[in-house]
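Here chain A shows up in two complexes: once beside chain B, once beside chain C.
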Partner chain A sequence: MDSCPVQLAACGCVSALGDAAETHAALLRGERALALQPVHGALGGDPVPLALLPGRNLDEESPPSWLPAVRRLMGACPDRPWGDRRHPVFVTSSNFGVGNLFAFRHNGELSHLNYGTPEACVAFIARELGWGGCITIISHACVSSNLGLVLAARQVASGIADEALVFTFDFLSPFVAGGFHALKILNSEYPAPYQAQAIGSIGLGDGAAFAVLRKAGPGLIIAGQTLYNEMHHFTAFPADGSGFGACIEPLIHLASGRRIWIKGHGTGTLEAGRLEAEAFGRSFPGSPLVGWKGSLGHTLGSNGLVELALAVESLHSGRIPGTVGSAAPTFSANVALGPVMDPSFDGVLCASNAFGGAHAALLLCHA
Partner chain B sequence: MLERHIAFVATDDAGAEDPAFTRGRLRAGLTPGFGRRATVLGLLIGGVLREVLEQCRDTVIYASAFGETRALADFLDTFPHPSPTLFQTSVHPSAVQQVMIDRQLPIREYIPLAGGPCLAARALVTALLAPADTVVFCGGEERGSWMSGYKMASDRGFAFALALRKGRDASTRGHLGLAPIDEAEGRRSGAACEMPFPAWFDLLHSRKNYDGPVSAEWRLELNWT
Partner chain C sequence: MADPLNSRIKTMIVQTLRLEGVDPASIKDDEPLIGTGLSIDSIDALELVVALEKEFGIKIRSSEESLAALSSVSGLVAFIRAKADPSRLPPV
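After this line comes the complex of A and B, so read on.
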């Protein structure tokens, strides 16, 4: 575990519901961004729950249709010489520009290839945002942004960087929607994270976020980060849920004495939701567990940082959005279905999971 | 200086091998199911990791600019009936996951890096900053299919694996160090200082010593014993 605390000096996000403040407010109102749309975009297919940025289509354009949203998001990022050695950038995604690659393969328009690989897509973003070349690109499916935070914290804590920028993005395309639909976990049902019901399902959403880390100071700190990879199965967890416990175990001691709540992964799949809720119930009895993918959809590689930015809004305001889209009965008693209005919490444990049984968690708290 | 000792190294230069040839060449040393199902990059990574798997208990750093481009290309062509299997294996870091899942080997940290002009340098910094006593650093590329024609996939196959330790012992095969390059010095030299990922592999494969820039920010010292 990385237990050398770093300051979360700034962060922000964009989702289908707007920026971090707008998304937080909409979640508190219980709004659901997901809407049923054809899974293969213009090619049609079954209706599935997707939460796209306002005005954005599933079929990617050239240049990418998400660029204006990224520009607006990064307008709130502190101005630094990002991309020099003392200010490294960590870019994380699970999809990068694969929507453009899909578009090229299906319409043959060569300009899409300017964004079709991780390297090309990140080079495009770096030019747009004026970054230098010290950029590390990380791709570990749905824990990608969590890994970006780990590596950024290490560079800051070791002293080789003054500040580090983590930028994450994942925008939907027929490629990824079609893939999850083929796995039969994206269907025409809306996700209901942690709800004990007969059929599980997920929704998918657009998302991007940034965080600036520096050596620990006042305000919010990331007190510790932990990772664990089960390597049991690509899309299933061991039946005993041991990976969830193995990931969060190092954070239990770090959180002792603090009053924390938990932002879980909670995609809406049944088995993973049950194992996660039970693991948190055992390790953190009395800490409310919430998940927001029933509204925002799963923003894939960006979800860890998108939801961290929303957790920051929650900590600052003392108002924690509930598990939008879910109803009783839930897998464990600690699942909070409605908003939790309590300013006395002084920390939040944020968790994410990914293909391959990958787990990541961090403890965010006041310094 | 960031530094570690090299306790193990394995390389495989598959070059422009046909994927079927690579599969036939490597499957003998792998479990039957894995030899049949794995991607070409999964086979290459599985081959170089074979002797170091027991050291893959804590931290594995994986670098590949392009990843599973053959599965990616094949998946694209399955629409409008996308293949769930190809979707899973087209995900960037699946090569190592294929190997580790086949052997049911959990690990604490798995950190996969993707493309970038300084991929080798970024991966080295990541490996040398990892807190574990033993870090396995592996990577590689598979030769792409139609995507290679657009420079969106590698035109050669290769793979490497290193076990890096903090301390030196009888098994030490070499030493890796990274020192920061002063910005002014870097500007004065004016030399191209990005080490392409295949060039990093070639250094390992040929066991050549090296003392020079690996990126604009870092100087690499690689010495074999």
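After this line comes the complex of A and C, so read on.
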């Protein structure tokens, strides 16, 4: 566990429902961004729940159709010489521009290769946003942005950097949707995180977010972060669920004396959802558990930071969106289906998980 | 008489998953396919499901249905007979 607190100086996100404030408000209203769309875009295929940025098609374009949304998002980022040695940038994604690589293979358009590898895609974004060369590229499936936050916090806490920027993005493509569809966990059902039912399913969503970290100061701090990797299998967790508990256990002491709620991972798959809900019920009894992927879909490598930005909105307003898309019965009694309106909470534990048994969690609270 | 679909599926399992040195006939009809002697895991299951969908024109809707279908060779035979267009199946 990293327990050097760092200040979350700025944070923002974009989802299919808008920016952080718009998305938070829509979640409070119980809106679902997911809509059934052909899994292979223009090529058709089974209808699956996807949450794309407004006006964006699933099929890749060149230049990428997500670029205007990224520009708008980063317009809210504090102006710094990002990418110099004292202001490093950590860029995280699970898919980068792999959809463009697929598009190139499909239609032969060379321009797609400008975004088709992690390096090319990040170089493109850096040029667009005017960053310098001190950029670290990180990809670790669906805990990618969590890993970026850990590494950025270490640089800030150690004094190597004055401030660090973490930027994360994952935008859907037929290639990505097709992969999850082949696994059958993306099917024609809408996700219902933590709901005990016969068939599990996920939805997928577009997402991008940023966070600026600096040494501890007033406002919100990330009090501690944990990573735990079971290295079990490409896709599966160990059946006993021990990794979920092992990841969050170090945060129990850090959270003691605080009144916290839990923002879980909650994709809508049955086994992982049950194990996660039960682990939180054991370790944090009395803390309500919510998950937002039943509305936003799983934004893959960006989910940790996208949902952190929404947790910030929730902490500031004292209004926590519920687990949109789910209904009783749930896997554990701590799952909050509806919004929780309570300004007395002073912290939130945010968790994300990834294929193979990679777990990540952090405690966000008032300084 | 043995169901010819049974031996066809066993051969598909060996070929699709490239199980070197495994005689298709040695796969037991009622032994669980996942987590036992063949060591089939979720990635193997994905490959197998894709091959079965292509071969028999069936649709498997969810990972839970996929796991149920892959319970055993006998279970798979029953599942395919129930779901596939009979014209794509060998007669019993």
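One rule holds for everything that comes next: the second predicted complex is superposed on the first by the 367 of 367 C-alpha atoms of A that agree within 3 Å, B and C clash if a C-alpha of one lies under 4 Å from a C-alpha of the other, contacts with A are read in each partner's own complex, and residues count from 1 in each chain.
Simple rule for what comes next: a residue touches a chain if its C-beta (ideal position, glycine included) is under 8 Å from a C-beta of that chain, and two chains touch if they have at least 3 such contacts.
Note that the coordinates shown come from a computational prediction; the quantities given were computed from them, not determined experimentally.
Enquirer: So, does A:101 touch the first partner chain B, the second partner chain C, both, or neither?
Expert: A:101 sits against chain B, while chain C stays out of touch.
Enquirer: Is A:231 contacted by the first partner chain B, the second partner chain C, both or neither?
Expert: first
Enquirer: Return the chain, chain B or chain C, that is in touch with more residues of chain A.
Expert: It is B that touches the greater number of chain A residues.
Enquirer: Taking the superposition as given, does A:198 touch the first partner, chain B, the second, chain C, both, or neither?
Expert: A:198 contacts chain C only, not chain B.
Enquirer: In the overlaid three-chain picture, which partner chain does A:188 touch, first (chain B) or second (chain C), both, or neither?
Expert: The second partner, chain C, only.
Enquirer: Looking at the overlay, does A:270 come into contact with chain B only (first), chain C only (second), both, or neither?
Expert: After superposing on A, A:270 lies in contact with chain C but is clear of chain B.
Enquirer: Should A:165 be classified as contacting the first partner (chain B), the second (chain C), both, or neither?
Expert: Neither chain B nor chain C is touched by A:165.
Enquirer: With both complexes superposed on chain A, which partner does A:9 reach: first (chain B), second (chain C), both or neither?
Expert: Once the two structures are laid over each other on A, A:9 reaches no partner at all.
Enquirer: Report, in rising order, the residues of chain A that make contact with chain B in one complex and with chain C in the other.
Expert: Touching chain B and chain C on chain A: residues 182-184, 233-235.
Enquirer: Under the touch definition given earlier, write down the residues of chain C that touch chain A in their complex.
Expert: Result: residues 41-43, 46, 49-50, 59-66 of chain C touch chain A.
Enquirer: Quick one: which bits of chain A touch chain C in the complex? Just the residue numbers, please.
Expert: Residues 46, 182-185, 187-189, 198-201, 233-236, 269-270 of chain A touch chain C in their complex.
Enquirer: Which residues, counting only chain A, touch chain B once they are in their complex?
Expert: Listed in rising order, the residues are 2, 40, 43-45, 84-85, 94, 96, 98, 101-102, 105-106, 113, 116-120, 122, 133-141, 147, 150-151, 154-155, 158, 160, 174-175, 178-184, 227-235, 243, 246, 355-358.
Enquirer: In the complex of these two chains, what residues of chain B are touching chain A?
Expert: 2, 65-67, 72, 75-77, 79-84, 87-88, 90-94, 97, 100-101, 103-119, 122, 125-126, 129-131, 150, 152, 180, 183, 215-217
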